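Take a look at the structures listed below.
Both complexes shown next keep chain A, but they swap its partner, so chain B is in the first and chain C is in the second.
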Partner chain A sequence: MLRMRSLLPPLLFTLAYAVVSLGVTNSYYQLILTLVPVWAVFGLSWNLLSGYTGLISFGHAAFFGIGAYATALGQIYFDISPWLLIPVAAMLGGIAGLLIGFPTFRLQGHYFALAMLAYPLAILYVFEWLGFQEVTLPIKRDAPIAYMQFADPRFYTLLGLAIMLATIVLTQMIERSRFGMALLAIKQNEAAAEAAGINTLAWKLRAITLSGAIAAAIGGFYAQVLLVVTPQSVFGMLVSAQALTVAMFGGVGTVWGPVIGSVILIPLAEILHAEAGARIPGIQGVIFGIAIVCVILMAPEGLFWKLRDLVRKRSAKATTDVPPEAAAANVTTLKPAARQRAAKGEVMLEVKNLSRSFGGLKAVQDVSFKLHKNEILGIIGPNGAGKTTLFNLLNGFLKPSQGEVLIDGRNMSGQRPHVICEAGIGRTFQVMRPFLRMSILDNVVVGAYVRARSDDEARKMAADAVVRVGLSAVADRVAGELSTKELRLMELARAIAGQPRILLLDETLAGLGHGEADEVVAVIQQLARDGMTIAIIEHTMQAMVRLVDSFLVLDHGAVITEGLPEVVTRDSRVIEAYLGKKWVGHAAN
Partner chain B sequence: MEGFFQALAAGLLIGAVYGLMCVGLGLIFGVMRVINFAHGDFMMLGMYTAFYLFTAAGVQAVFGNTVGPFVAILLAGPVLAVFGYFVHRTLISHVSGTRTASLEGEGHYAQLILTLGIALILQNGGLIVFGSVLASIRTPLSSSAWELGPFFDMSVFLNKARSIDAVVSLVMMILLSLLITRTRIGKSLRAAADNPTAATYMGIDVDRAHRTAFALGCGITAIAGGLLATNYPFHPFVGLEYVIVMYAGVVLGGMGSIIGAFWGGMTIGLVQQMSTLILPTQLQNAAIFAVFLLIIFFRPQGFFGRMVERT
Partner chain C sequence: MLRIEGLSAGYSAKPVLNDVSIDVGAGQFVAIVGPNGAGKTTLFKTISGIVKPSGGTIIFDGVDLLAVPPPQRAHLGIAHVPEGRQVFPSLTVMENLEMGAMTESGRRDWQANIERIFEWLPVLKERRNQFAGTMSGGQQQMLAIGRGLASSPKLLMLDEPSMGLAPSTADFIFERLIEIRRQSGLTMLLVEQRVAEALESADHGYVLEAGHVVLQGNNATLRADDRVRKAYLGM
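The block that comes next holds the complex of A and B.
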């Protein structure tokens, strides 16, 4: 049912577009109508990689050009039909994506974006050097249909629309699947995604392969429409820029963005070119540029998001919102009941002589401890004591210089984070980076995929996790509307959605007021009662003393002491580490 | 052998100017973390500004044909700095700096497309105002050379204009590093680049530092553009050819490192000239990108950059 409903808008749009284009007889307008879906698909292919993962590619022309040249040269040298060549082009584009992605994904942020710039430009000069300055496709008068050479240009429009519809539907399917969720998680925080059990490199490679295939296919179609291919027109920087322009103008990270951008910008550019450009060369570019600048200043995230925000605001005023009290009530039902101190059960996690140094700095030195089933272990220590570094060693962000991390007796030290997550360790982060525009439930689903076999199962597990942290009343609200406490609980839900056995919580109570901290503490206690084993880093001692079964105290990367809360808080070494020497005497009294 | 030294000399001379050009962008990129696609077009404006200052504004009449072009080029710097300041204030500041906290991807998407729009306006506006005819700032020095040597029967010829270009670039570079290391403005720029949040807490107006960086970056690149124009003809779309070289240089040098951008530009000049020894000239640019990719695969943080990752 849901699937049908989301299929309807693209179908209706495509149909309406087809009807309009069938009525157009002017061949110039027909060409424009064909180019709109072409650039929309190119924008969609870019969006698939860059919009969802946040890794901006300046080099999508590489795929586009490979497709265009494959389609052109295949006809010239091997006399193969474009009906066959375009799928071949897609395959080549996919392979190119894999080959480019594999080395380039080692780079991050701006480095990735700018490295991508180099590929199409390097290829461009090679093609010029090879003597393919201008390749004209052979005209096939005897078998026009078999060679995709239609007498009526409207067929090109229809074919372009079919490709666009297919790409939109594909993108929509990806958006809602494990694939799309993984990409979004990467965009949000690649490290956190790894920690949630997502093999980020594998998903990124899939994204660039698919994206390259689509870009190459539409490049091949473009060559077929224009019948002429030059290196500048398919590998040039302006081609890569075209993908960015339509997608960013329309809105990044949504299937409609590139379509909206293309529908508005391509006809605008072409008509300006024909009408104004003939009189004053260059004026079309100036007007086009001004149009882009103005729209971006008003809607920096693109038209789609601006419109959606406007619609949301209006509908939010119209409907009476869920009263916040209802949400709060749900949480406070979990009264902070006194928890039975966990008996020392089986050992879930054992850390042996773990060390890690950065240059000369020994961030963690020779740390050993055991985590028992159902235990809540509090890890405390002054700033810079190595608490977060310890967590990073435990969940695989950092490789230890020495020592072992045994999960169920198996040494997992040095494994990638997603492998360790699969082994049953979940974690949260000091810095929260939720998707502000997505609902709570969608934010949490990301964490569920490590265990879930299907999309439905993942949603069920996510919904379950949301209930366990007491956020079910606000599950459908977007994260941007939530308080810090609710976001912390959401992070917690994401970590438990993957059904870990051990949970590492990094300053989950940071930034919360007294009452709020109590609510979160109640949730954590309930998790422990339900069988979760927990290690938590925290500064606020009052909350910690009530929460944990035992403490591990770190200073300068080493364990000072460990034991029951009552004992540890009176330990003079702990007081000294926290407050300095002169307070040791005071505290004793 | 002679060819090698000749190419090396040519690479060093052009590399110095490329270096200065990259430093202009490196300043903006390092301080603001904004990818400015219009930077090549700011350079184009710098070239035309120097050109018209020389021919139409009387610099030629006052300083003559030999010194005049360089005076005009140096004057183009401040003109473009003012222009850059204005563009930042009216347009770019809306999608960068402290205002971007609430935007998706910290406003990178908006910055990219905004600067793409500005690039379109400048290129096509340039076409309307300046026309499509190739222009150049020729001096009598452009077509004469100093001979070094002969050493061991080998002579290396240094084009006089290019040699002076390189010297001017080096002097500018030294002045800039003094500005950045020794003055209060430089300090605020470095602070804003290093950690904008902490800089704000220390009472530094980060948005103002961004404006300064943008203006300074435009001015410096304009001067580099003028210097290039003494040997290479230009047209309104010339920015596209150089902006890629600029980014390659900045990334090679390491983002955030201003001196690194200079060495990045130098590397590109050297690769470009030396590659002619073994590759056909059409592949000169392909060689630049190939070397660029190789270097960042082996040293992703560039020559002078550092990797920072936090969880």
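The block that comes next holds the complex of A and C.
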């Protein structure tokens, strides 16, 4: 059902575009109409990597050019038809993506963007040295159709549209699948994505391979349309920039962004070139540049998102949506219960002599403890005591210098985070990084893929997790509209969606008011009753003493003491190092 | 010192502050407490000029603050110690403090200020050449306070200085604030979620809920108030 509904808009758009283009007879306008889908597809290929993962590529011309030259040279030297060469070009582009991605994904942020810039520039000079300054495709008068050489340029437009439609549908499929979710998760927080069980390197490589393949295919088609290829026209800076321009103008991270950008910008640039440029040479660039700057200033995320926000606001006003209080009232809020200590079950997690130092600093030294089934263990200690470092060692963000982390008796220390997540450890983070534009449910789905075999199963598991944290009434709201408490609960839902057996919670109550903290505490208690084993770091001691079964107290990276809450909170070393005398006074009240 | 009258503010269509009036006398230590989303941080942002109000006035030291462009406001003597500390991680402690002394009065009184800051917060002196990012949360909070003091402010605004700190560290921070005020007579405006500690430290308090001031009074009255005891002190 869903698939059919999302198929309709691109299909209608393509049909309408085809009808319009068939009516155009001026060959110059026909060329413009062909270039629109070409750059739209190129923008889509860029969007697939950079829009969804947030790793900006300044060098997509590398793939485009490889495709163009493969198509041109294949015809010249081997007399192969472009019908065959374009798929071959796509394969070469995919391989190039893999080869480029493997070393380059070590870099992040600006460094990744700059490294990507280098590839097309380097290849450009290689092709110049090889003597391919200007390659003209051979004209095949005897079998034009077999060599994709049409007398009527409108066929090129139709072919370009077909490629565009295929790319849009492919992108839409990816968007809704585990692939798209993984890429979005990487964009928001790569570390959190790893912790949610996503093998980030593998997904990024898949994205750049596919992106490179699409870019190379459309590069090959571009060569076929223009019948001439030069290094500058396919490997040049402006080509890479074109992908960014159409995608950013139209909207990054959405299938419609590059299409909108291309439909508006390409004809605008060409017409300016022909009309204004004829009178004052060069003025077209100035007008074009100003137009882009204006749109970016008014809609920094691109036209698509701006329009969607406007539509949302209007429809929100029209329906005078349910006030959050009313929605919240539908949720039966759990009340924190008196602690009923569970009988000590089997050992779920055993930490043996775990140590980690940074330079000379011993952040965690010789920490050992056991976590039993259904237990809630509170980890407390002063700031800088090594609590978060301990969590990072447990879930694989950091490799221990020494010691073992045994899950079900198997030593998992030193494994990658997504492997440890698969073994059954989920976690949340001090700093929340929700996907603000996505609904609660979509946010939570990311965490479910580690266990789910299909997209449907993942959605079902996510919905289940949302119910368990008590957010089902607001599951369709966009995360950007949520309160801190709801965001914390959503993070919790994401962590439990993958059905971990052990949950590591890092300051889940931070920034919450008194009553709010109680609600979250109640949810955590319920999770423990349902069979989850939990370790929680938290400073809100009032809530902690009611929540946990036992405490582990760290100071300077080492365990000071561990034991029952009422014993630990009276321990003079704990009061000295952590609680302070005042707290003891408050607690007495 | 600071008089806020009928202040309303919000983001696009969503009002966050609604007709809020707050008075901070010279030398007073005023705490604003309330649950998440009550508008505490927005109030601070409106005072420092990050958020534009839709109505009301703010008079600081006899000057209509809303007529002063935001970057100039720090020069009037308002220091904002932001939520989450926001120290410059790759600068040393000393450099962070120097960044605080960018105001005219801060540059003029630098020598005297730095001595007093080191006296009040000795850990900063000990670690003056350490990179701020490598310090613990409590130390970073002290640095953020020191940076605020380095501008020679007339009003020190503190946004949740206890956030994410161990109980004993938070206690220590509040202790230091009380001590700094006792010695300097500095006017302080504090926003806190740790209601008990905040009301203990300050001499006057406001309870902000859903953008409205619902309760105000001196610290003894507030701490004795049934609603405060129930909703915030958990008694």
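Quick note on the criterion: the second predicted complex is superposed on the first by the 569 of 589 C-alpha atoms of A that agree within 3 Å, B and C clash if a C-alpha of one lies under 4 Å from a C-alpha of the other, contacts with A are read in each partner's own complex, and residues count from 1 in each chain.
FYI, a residue touches a chain if its C-beta (ideal position, glycine included) is under 8 Å from a C-beta of that chain, and two chains touch if they have at least 3 such contacts.
These numbers come from a predicted model, not from an experiment.
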Exercise for the section: Could you look at A:381 and tell me whether it touches chain B, chain C, both or neither (first, second, both, neither)? Expected result: second
Exercise for the section: Pick one for A:485: touches chain B only (first), chain C only (second), both, or neither. Expected result: second
Exercise for the section: Please indicate which partner A:115 is in contact with in the superposed arrangement: first for chain B, second for chain C, both, or neither. Expected result: first
Exercise for the section: Check the residue A:578 against both partner chains and state whether it touches chain B (first), chain C (second), both, or neither. Expected result: second
Exercise for the section: Have a look at where A:11 lands relative to chain B and chain C in the superposition and call it first, second, both or neither. Expected result: neither
Completion exercise
Per residue count on chain A, the busier partner among chain B and chain C is B
Practice task
Could you look at A:139 and tell me whether it touches chain B, chain C, both or neither (first, second, both, neither)?
Solution key: neither
Exercise for the section: Scan A:515 for contacts with chain B and chain C and give back first, second, both or neither. Expected result: second
Exercise for the section: Figure out whether A:20 sits in contact with chain B (first) or chain C (second), or with both, or with neither. Expected result: neither
Fill in the blank from the handout: Residues on chain A touched by both chain B and chain C 430
Fill in the blank from the handout: chain A partner, complex, touching residues on chain B are 29, 33, 35, 37, 91, 94-95, 103-105, 107-110, 112-114, 116-121, 123-128, 132, 236, 240, 244, 247-248, 251, 255, 280, 282-286, 289-290, 292-293, 296-297, 300-301, 309-311
Fill in the blank from the handout: Contacts from chain A onto chain B in the complex sit at residues 54, 56, 103, 106-108, 110-111, 113-115, 117-119, 121-122, 124-126, 128-129, 187, 191-192, 237-238, 241, 244-245, 248-249, 252-253, 280-286, 288-293, 296-297, 300-302, 305, 388, 392, 397, 429-431, 437
Practice task
Would you pull the chain A residues touching chain C in the complex into a rising list?
Solution key: 313, 380-384, 430, 483-485, 507, 510-516, 539, 541-542, 575, 577-580, 582-583, 586, 589
Completion exercise
chain A partner, complex, touching residues on chain C are 13, 34-37, 135-138, 163-172, 193, 195-197, 231-232, 234-235
